[in-house]
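Letters A, B, C, D and E mark the chains as written, and numbering starts fresh at 1 in each.
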Amino acid sequence: MDFFAFLIDGLLIGFVYGIAAMGLTLIWGVMNVINLSHGAIITLGMFGVYLAFAELGLHPYLGIVLVGMAGLLTGMVIYAVAIHRVINAPHLSTLLATFAVNMIIIGIGTAYFTTNARNVDFSLGSVKAGPVNIQVTRLVAAAFSVAVTGSLYFFLYRTKYGKYIRAVSNNREAAELMGIPSAFILALSFGLGTMLAGIAGGMIATFFPFTILSGGTYEVKSFVIGVLGGIGNPLGALIGGILLGIFEGVMPYFTETSWVPVFEFGLFVAILLFRPQGLLGAKK
Amino acid sequence: MMILQVKGVSKRFGGLQALSNVTVDVPPGQILGLIGPNGAGKTTLFNVINGVYKPEEGEVIFKGKNVVGKKPYRLAHMGLSRTHQIVRPLKDLTVRENVMVGACFGSQNLSLGKAARIADEVLEFVRLRERANQLAGSLNVGQKKRLEMARSLAARPNLLLLDEVLAGLNPTEIAQMVEIVKEIRTRNTTIIMIEHVMHAVMKVSDQMLVLDFGKPIAYGTPSEIANNPKVIEAYLGDSSLADQFNAELAAKSAATAE
Amino acid sequence: TFPAKTHAQSERTITIGFTASQTGKYNVESTRQINGINLWIEQINGAGGITLSNGTVLKFETKFYDDESSTDRVQELYTRLVTQDGADFLISPYSSGLTDASALIAEQYGVVMLTAGAASDSTYQKGFTLVYQTYTPASRYLTGAVDLLAATDPDASRIAIVHENDKFSTDVANALNSYAEDLGYEIVLFEGYDSGTTDFAPFINKIEAADPDAILGGGHFQDGSTFARQLYEKDAGANMIALLVAPPEPTFAELGDAALGVVGPSQWEPLAQIDASKAEELGIEFYGPSSQEFTAAYMEMYDEEPSYHAAGGYMAGLLIQKAIEDADSTDTDDVAEALDNLDILTFFGRNSFDTSDDNHGLQVGHSMMYVQWQADGDELVKQIVFPFEAASAETVYPIGSE
Amino acid sequence: MAILEVRDLASGYGEVQILWGATLSMEKGQLTSLVGANGAGKTTLLKTVMGVVKPREGSVWFDGRNVSSLSAHKKAEIGLVLVPEGRQLFTDMTIEENLEMGAAPKRAKSKFNANLERVYVMFPRLKERRLQRAGTLSGGEQQMLAVARGLMSDPIVLMVDEMSLGLAPVLVLELFKILRQLKDEGLTLLLVEQNVQMALAVSDYAYVLSHGKVDLHGHSKDLVHDDHVRSAYLGM
Amino acid sequence: MTTQGTDAKPQNELLNTLLDNFKIWTKKLSHPGLWITIVGVFILGYLPIADQSPEAAFANATARESTFTILMSIVLVSSLNILLGYTGYVSFGHIVFYGLGGYVGLYTIIEHQWPLWKAMAAGGAAAGVLALVLGSAILRLRGAYFALATIGINEAMRAFVSNYDPFGGAVGLSIHFRVYRETYGSYQDAFLVMYKAMLGLAIAAVVLSYLVKSSKFGLGLMAIREDEDASDIMGVIPYRSKIIAYMLSAILPGMVGVVFFFKASTIEPAAAFKLHTSIEWLVMIMLGGFGTIMGPVLGAYGYQNLRTILLTSEFFKNIQLAVAGLMLLGIILFIPAGLIGWLRRHISFTRRVLT
């Protein structure tokens, strides 16, 4: 077995994991909302790209851009309808509100799409690098992830909106008193998180088949990644995703595949215990 | 026998030396006033004494035992109580329940029933009795301060650390609180009191310790402190300047009022 | 029965109760199954129901609830079906776990239950007396694929078995493992993957390293199609790939080229030529519509090609129908006895049940077919490739050699 | 014309009503103080003026315009700014970021550098600790930051709730001096103070709030001599 | 305080203490809220089994089944409430105790032919031990990090059990039908035993959560919920209290797992450690009112009834999930404090009665 092949495969999927987690940790870090509809929104992203491709005949990458824009709007609407009223209530309320949104999306989605698997039959071929056979779609996804992370980082740390987002998350009332439109900022943050989740879903759809329930897996992985990389930090999410991808890719080299989740989640708990601020030591 | 001895304590936050080599002895029954400019390290000293922070150097000897490294709850059980400068009410519990927590888990380890009785007594004492069934979160700042006080009193401490309990009270209320503090002292509780309200802390303290940039710069009776030039410069401000300032203001307002 | 009863030309409605996974992971399979059942109901009622010798005319209706693909409430719902909705016969939920739980209710209240989609053999080894299996059990799901391999390529000797780590797939894989070993194959890899797996790349790396002639296994639809696509994209290089559940589904074709050459076990296929002539050869009775008739009727009603889950649902109904007719009664004991004695050929294939105490209700008559996706010009078509007597096309071997 | 006018304002929390029709008014460039016992409703009044607590009755007029229904951030945008009780800092952000957030209103943007310079001169400690997280500051340092942040938004009317709370005496003097200076520059100020003596000394006009209503008001120099004020609030 | 003489005679002290304790216990045990809840749960549970004639038993079978589900939820949710409602720690993965209990119980029943009660004890003990071991590790974490750790643990446990051969690995464990007949006469009788066990557990859960809440220990937990550091400073020992609370909240779910999977006769990793179910428990607590005694009970009752209606209604069953989601959202948005919270706030006399 060629260890290198395991490593490369893990690395590439890690980029996608990273971007899938980014939306979750953004919303969490910024708004202190654990978004249980994250998985469902990832699924919506997948279906968005699928429908654009299968029904409208659009190129999947164009589909992803559209999905991103739709995601931003959808997120803001979800925030306004389902979350704004309880954003100041105890944090369990927002948790349950997003859980309800999750039920609604999955419920309607199942009734409409069934749990049939869909596939975006699209390929950019693959390149051979030594012993490793790499799909180009995955390379594109990796590059895209890096670009998205970069822009998000810039947005959060270099623009005034980014700082507003952090201020609002830190102290809503004070932000309001300082002239920051907190409701809009919160909606924007949620919209961004949703956009990222949608984009992640769209990218995944370019190389994996999926069903209406597929998002759940990524949601749980996103929790793990959030912890690895530190919550609320986009770069952390990307690196956390890569670490997780590599771990999942490389572990089967050493052990039976069915044991991988045992180690994966065991390690996750261990990291939580010894480095709760994340491997990267993000802000407390 | 001293009830508390702080010996050569130093505490650093990153590059900032918050306390350096602080030493002070507190005999039982005394009120020690702790003053100093903002950021001098007063609250940090409290945090070191009750185990929230572990000092890099030095010893804290409480009732004859070195308590460095002990958890805050151990110190609470040993008879140490404190209030917080930035109040920390247990918001979703009632005022009475807040005080009962202090009573139940403090030095006396009381049962719930006893704690409830003590709570009512203490609430009476700090004039919060009529708020006993209200949620602590709905109190205003002044009331929360008194709640902090009640909570730590209910633990029946031997040593009580008061962190700016007078802040936010108006002069009349300050006078009442000073009475309360004096009353506590008569019951064999030693007090260390951080305060910026000078006239009040001067009135009740037996000794005063002044910190500046983490270092003790003066120790003595209130009158000694009040006249210590170092203290005046670092902390009190030029009193003649203050008077002049006041007069000037008064004149000015008189003039504009015409 | 007393003759007094015969004079009344009474009509009775027989209620068939079941739960369906309208939400949750088994939604697809379960929905098809309901479609099949509904087609059967429509046909039998359209034909005037069943008339018993005492003159009673039986009409049929269904009653069903959503079990959310979860054991949590399945017993509650079956109890409701039996005690409140007055279900006379039951059909199982989809999947063995749910069926095990609901079978207790059938057994407790003395109602016959036909299972569809509950393939694990263990369900029929639990001492139930009223539970009958429509499908070929898990232990024989993939054994035919080994036979196919042996027949097509006598030189093949290395098999990799990779399966979803759940009850059904593990049962299948374990049975497959011992079967292949008995035939002298070397099992070069035997591993499970977690149910949520989406990225099979590390797994495929492992398979490649093991260098098998055939990759057998899989699990359910989602992971199966993902696995197939990645095997194709990574050019894994085995000569034969046979996966559970996913390949026979018509939507597997969405994978495009990745579907080509993939073999899958199927309980039934529209292409299968099963009719009365076949029954004569076997010397047993042929019952119900022919394969073509069923397919045509289904396509007319649902405007899609029936999958084997749809046929399975229909078949469960048909077995109830046949048993009632044979028993000339709707009484549980009579119907159960009729089922015990049943040995018929239908469009779905042969059907008879084990009647021993240890395996009561286990399907012994039916056997699997194996399909393979092949290219027909630009189209992908699903061909039956095994057993050879039912085959509609030659096996493409090695995969990609077309 | 009054720059800020509060007419018959009533509000409260849940079932409890705290304010029962408070009326006050401030001229441009005036320094007004608001005093009252613990729990009188001073903080509630300020919050209601800002719209953080919703008014139940009455109205708030700013520069001749009824702003009762504007949300807090819009009020800040037009120059009505509150330094809230309990500091309400962005504890996870640095001092400098806190100050930047203070300058969120558009009107403050252009003067950002000048204002920053100014508050750093007023509070050199803040400049020294530019990059320290606000949550780890000492109580008094936090108070300085809260006031500085309020000034960063370039207010027209600045309301400060308990400004001298927790500040060392020397700093309190310093701050009052600064406020006077700001007032001379044309800023309108409303101070809620427990340090009643100082507040009355420094302000032009004062209101005494008691049980949610204005009990007494007048020129500060007159109120200093009022017997009721002396006994109830000055401890004399 | 001023009147508290230090010169009071020791006998007086003793007498006072006794009197205090007596007063507390009478006051505690005479709280109407406790009795209303216990009687309510008992009536709820007793009605479907009151009449044991065959016809009635048949007619009530559905009610028995759905009541079983409700009782089960009451136990699970009341237990979780000790951790969540009193201590303020959100355990997403609380189902791990239910699943582990179920596995241990079924294992002892199948391998050692243990009777149900003994298996329940084993399941409860296993859950308690797991909580002790895990709790000592992960209770050092706060807030969301703790919540995440519980997810991790549940997933790790699920994956582990899927590979653990004594527990049947991915195939799980399954009970032969004969076991019910041989031990209890028939499955019906076995079910009745399970039903009564569940009713007993439900009442036990209510009493337990009441006793915890009205005890000094409970006061400490609530102090931790409000401000862990401040309560530490006041003398509450957070770490130890949290571990005990975690264990208390784990034991009954462990026992419930045994009963449920014994009833289903089969257990598989995916069903035993289903994260989604854990979240439903949180929903029930929030619906009823978090940190209260009655809240979880009402929440469980309301939620499960609602689910039954949606699952079985002709009109909704296709989109029951979406409808349930909508209703949940409505409730969260408009009565965020839960039913009990809402009642206590809006109807003042209920404040004395509801707890």
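Operating definition for what follows: contacts are C-beta pairs under 8 Å (C-beta built on N, C-alpha and C of every residue); 3 or more make two chains touch, one makes a residue touch a chain.
Just so you know, these numbers come straight off a predicted model, no measurement behind them.
J.: Walk from chain B over to chain E along touching chains and report the minimum step count.
T.: 1
J.: Find the chain most remote from chain A, comparing centres computed as mean CA coordinates.
T.: Farthest by centroid: B.
J.: Roughly how many whole angstrom separate the Cα centroids of chain B and chain D?
T.: 27
J.: Centroid from C-alpha atoms only, then distance chain A to chain B, rounded to Å. What do you get?
T.: That pair's centroid distance is 48 Å.
J.: With chain centres defined as C-alpha means, what is the inter-centre distance between chain C and chain D in Å?
T.: About 76 Å, centre to centre.
J.: Can you compute the centre-to-centre distance for chain A and chain E, using the mean CA position of each chain? Integer Å is fine.
T.: A distance of 33 Å separates the two centres.
J.: Going by the contact rule already set, what residues in chain D reach two or more other chains?
T.: Not one residue of chain D touches more than one other chain, so the list is empty.
J.: Which chain A residues reach two or more other chains?
T.: If we look for residues of chain A contacting two or more partner chains, we find 106-107, 110-111, 220, 256, 258, 260-261.
J.: Out of chain B, which residues touch more than one other chain, so two or more?
T.: none
J.: Which pairs of chains touch one another in this structure?
T.: Chain-chain contacts present: A-C, A-D, A-E, B-D, B-E, C-E.
J.: In their shared complex, at which residues does chain A touch chain E?
T.: Of all residues in chain A, those touching chain E are 28, 34, 36, 82, 85-86, 89-90, 92-93, 95-97, 99-108, 110-111, 220, 223-224, 226-227, 231, 256, 258-262, 264-266, 268-269, 272-273, 276.
J.: Once bound in the complex, which stretches of chain E touch chain A?
T.: Contact set of chain E toward chain A: 84, 90, 137-138, 140-141, 144-145, 147-149, 151-153, 155-156, 158-160, 162-163, 170, 275, 279, 282-283, 286, 290, 318-326, 328-329, 332-333, 336.
J.: List the residues on chain C that touch chain E in their complex, please.
T.: Within the complex, chain C contacts chain E at residues 22-23, 65-66, 68, 70-77, 79-80, 82-84, 97, 100-101, 104, 107-109, 120, 122, 125-128, 165-167, 169-171, 192, 194-195.
J.: Can you list the residues on chain B that touch chain D in the complex?
T.: 13, 35-40, 42-44, 85-86, 138, 140-143, 164, 167-175, 196, 198, 234-237, 241-242, 245-246, 249-250, 253-254, 256-257
J.: State the interface residues of chain A toward chain C in the complex, per the touch definition above.
T.: Chain A residues touching chain C: 1-2, 5-6, 9-10, 13, 106-107, 110-111, 114-119, 121, 123, 126, 133, 135, 204, 207-211, 213-214, 216-217, 220, 248-253, 256-258, 260-261.
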